[in-house]
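Please see the structure below; I have some questions.
For clarity, chains are labelled A, B, C and D in written order, and residue numbers in each chain start from 1.
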Amino acid sequence: MKKFVNDPKDFVAEMLEGLALANPDTLRYVPEYNLIMRADAPQENKVSIVQGSGSGHEPSHVMSVGKGMLDAACPGDVFAAPPADFVYETVKRVASPKGVLLLVNNYTGDRMAFEMAEELAQADGIEARTLFIDDDVSVQDSTYTVGRRGVAGNFFVMKAVGAAAERGADLDEVHRIGTKVNSVARTMGMALTACTPPAKGSPLFELPDDEVEMGVGIHGEPGRRREKLRTAKEMVGELVTAVTEDLPFESGDRVALMVNGLGGTPIGELYLVYGLAHKQLAERGIEVHRSYVGEYCTSLDMAGVSVTLVRLDDELVDLFGAPAEIPIRVF
Amino acid sequence: MSSPSTAGSDLEFVVRTIARTAVDNEKQFGDLDAVAGDGDFGYSLARGFEIVLADWETFDRGSPSDFLKRVAMVISKRVGGTSGPLWGTAFLRAAGAVKERPDLAGLSGQDAVAMLRAAAEGIKVRGRSDLGDKTLLDALIPMTDAVEKELGAGGGASGAAVARVAATSARAAAEATTPMQAMRGRQSYTGERSIGSPDPGAVAVAVMAERIADTWESRG
Amino acid sequence: MKKFVNDPKDFVAEMLEGLALANPDTLRYVPEYNLIMRADAPQENKVSIVQGSGSGHEPSHVMSVGKGMLDAACPGDVFAAPPADFVYETVKRVASPKGVLLLVNNYTGDRMAFEMAEELAQADGIEARTLFIDDDVSVQDSTYTVGRRGVAGNFFVMKAVGAAAERGADLDEVHRIGTKVNSVARTMGMALTACTPPAKGSPLFELPDDEVEMGVGIHGEPGRRREKLRTAKEMVGELVTAVTEDLPFESGDRVALMVNGLGGTPIGELYLVYGLAHKQLAERGIEVHRSYVGEYCTSLDMAGVSVTLVRLDDELVDLFGAPAEIPIRVF
Amino acid sequence: MSSPSTAGSDLEFVVRTIARTAVDNEKQFGDLDAVAGDGDFGYSLARGFEIVLADWETFDRGSPSDFLKRVAMVISKRVGGTSGPLWGTAFLRAAGAVKERPDLAGLSGQDAVAMLRAAAEGIKVRGRSDLGDKTLLDALIPMTDAVEKELGAGGGASGAAVARVAATSARAAAEATTPMQAMRGRQSYTGERSIGSPDPGAVAVAVMAERIADTWESRG
């Protein structure tokens, strides 16, 4: 394993410590519960937004805490949902009179932890509500009964509910907006290489030199199938087709297009992929109104990309365009 | 991990053996989970049960129920992933099944069956899962059935014999998960690719039961 | 080679096309000369800033074009300086009455291309001046006579001169500021893995599983030496020591600290490295006043990091804090 | 690449052979550069000289100087890296060395030497480099010396014989760069690690000279 790591057991804690040291004015780190929160949370007149999940998907979610996005994030260990107790402690710390919205990607462990925490918080009189995100089209609902996975689409949910909360929307309204974004967001990803969890020390799966995993999950879960490596144009075409045909996105639709790197793919390749996807959408009559190119929801050091489309309306255009300040920045 | 040396009840022996097995098999359990899951099962269990061992001497032993609740709390609080809520719930429900019993050393074979049944029910509810979904339930439930049958056979089966029956049945049941397709947990996303390897949770139950049987006679 | 690429010869052009499609309002792409410029450049009352270099270092420099940073970037092929003619055409297009500052990382090919372009532009009556950046401490001046390499420190030069130009500083003043930033910026990098140029199709060098290249160049040039892979703490310690002892940075200094990913290292590891570097500096009495964690100057898909320190004074704090708008953003 | 079929002067033959060699050896030259450099030398040369071949028929042939200037312009304009400015300058200076000559077919052996000397001088100035820095100069200059000596030996050495001398001396000189430490270009950053492999630029000069010698008799 070639990584910047000391004891793998300290990986998450040391990452969070670095994050806190780099953002002393805006973030607070609570080591006992692995939690990162806005220094100024909770705010009386604002619904608080919390997201948690396993670590290894950075900048989701610990680096998305800040004005206009999350009030707190409670990460678990790498690829493991946080303990319910950590979620509960997080909710308590950012509990606002206007309530707390819990954003959860749809995985069994995360669901259970957040449902338990929601119950505990409600028992304390905190108005907490949970919203599940499940934008990944690669796994079909019909076949497996646990539902779809939540992947990079969670960025758009965070952004929209963060913006709405900042403007003073109440919990019902914020929940409605988040639900709506999730309902019009679709993602599919693919891996060129496997990722290596620090504690495991070796790649999570074997992928031959000339094969890719189409529809891969952000924890290295297998996707739709193994395929031969092809040109970027062909592989991007498969992602775009899978995503557009799912909602479906149709000619005349205005969309936000995100090309998300999975951790090991450089930004130059991401822009190349973006250009291909943009043109393929244009051929279908779909107009890209907002673009997102970079890393939003990664899978450690996995080389690969995911493509997310969100169907826009005026409300979402407005919310996505709202200002936000989070640690991920270049200046 | 310092191993607590106090002689104790069979209940303490069983719990401590489960904990030690989880810690000692971190890598094996993780590798099993990497086949069709995400490789963290061993890590999650080990992190929780190593706290159980570290805090071992401090646990309330006023009653079997209080003792099991303390174990459940450590796991729920400190273990993430899917395993934290599931195993925490299992121990909590087991505590509930013996809440009338006053004494750690006073549990019967029937109590053991009741605890195992309650644990399995808790997992089902928490995980929205059932027998046949290719989870640890597919080892836990057949094992409980076999133990109950052995006890029911009359003739006062010895603890050692019951432990051996548990181990043998759990192992067979864990192996029988190999041809199954996972319907719950992260493995289920892989669809048919989960076929061909045993469920890590079920194997963990078998390995724990085997270690209990293997060390039964030398227990404190 | 596992990359998102069609014909490797089109790699740079397709990346630039994607960049332009993603930023239609702010950027203009001129395919004949590989150039990316601000849609609103040149501006009468502002010195124009141009940087070029080989491609493969994104977001340097094509994704750093925008208000407050570069007016144009002219990349060459992967790891190859642009042809002098492309630089000249770029300068002509952003020529402002206030002059043009050309930022060049100190490599032979880049120096020659920019010197030739500067001459050509001056012959046309354009006031053009060149500034060389050479912040890499891994290669010693004394040993090799071509001077030090320019690496991630170029970000700070771009940012400061971009901010000063935006405020109306003249060419002398902008040149002075850039020279000053370069004089107080020091960087060293290290590689865990080699990078793979698309046209080559295989890694540029062989690095055994348990070895790292300490002091690596951003084109995969060998560094100070091969070493065994060690803990993050030890490796970061070596980088921090090399960088601080070079200027030297001393107790009481206020600095900007940048932890720059080389392309294949995920942001989680970068924050872990940041935390270690921050603490090691604190032990030396050096106060981190501004932090930068992410990818600024990469080497394709190389796993690795570089650490840059810039000694701050009030003027630089002010310039680094100025607003800027470039394509690299998460919202 | 369509190969221009018009019969031409020795000058055109030499330039076309250089161009074809660059295009055909893209991979080999790139691999040599990857040892201690950044692997793009083959790519850079090939991209420039493939335009030279593509535009071949359109080049002004009014005089040797005009012709060489056109080649120089294509290279300067379209080749990046270190090689673009260096090779562009080399062709430009070669053009300057024969600017008095009216006719493409009218160049002498002495003209060839003058062009090579001028090219080397241009590279020295542009690259701030000299003999012994482990660059293409270390093949170009010894080769030029050998050619001059062969011509000076009198007896009207044939073109083929001169070409062979150039090839042999360039190859020997390129091989002699192996133990040298690079003092210029990206290779120089590697310090002592540049020792043990030949300089890519010097090898390219040798390969080009060899191809000229090998195909001299069959030139158009």
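Just a few scattered comments:
What we mean here is this: contacts are C-beta pairs under 8 Å (C-beta built on N, C-alpha and C of every residue); 3 or more make two chains touch, one makes a residue touch a chain.
None of the values given here were measured: they were computed from a predicted structure.
The most distant chain from chain B, with centres taken as the mean of CA atoms, is D. Here the CA centre of chain A is 29 Å from the CA centre of chain C. In whole angstrom, the spacing between the mean C-alpha positions of chain B and chain D is 76. The distance from the centre of chain A to the centre of chain D, with each centre set as the mean of the Cα atoms, comes to 55 Å.
With centres defined as mean CA coordinates, chain B is found 33 Å away from chain A.
Because contacts link the chains only in sequence, without closing, their graph is best described as a line. Remark: the chains found to touch one another pair up as A-B, A-C, C-D.
Remark: chain C residues 9, 54, 76-86, 107-109, 112-113, 116, 139, 143-146, 149, 197, 199-200, 204-205, 217, 219-222 touch chain D in the complex. Looking at the complex, you find that chain D touches chain C at residues 30, 34, 36-40, 43-44, 47, 76-86, 88, 126-127, 183-186, 188-191, 193. Contact residues on chain C toward chain A in their complex (touch as defined above): 2-6, 11, 14-23, 55-56, 58-59, 63, 155, 159, 192-193, 209, 212, 229, 231-233, 235-236, 263-276, 278-279, 288, 291-296, 298, 300-301, 303, 305, 320, 324, 326-331.
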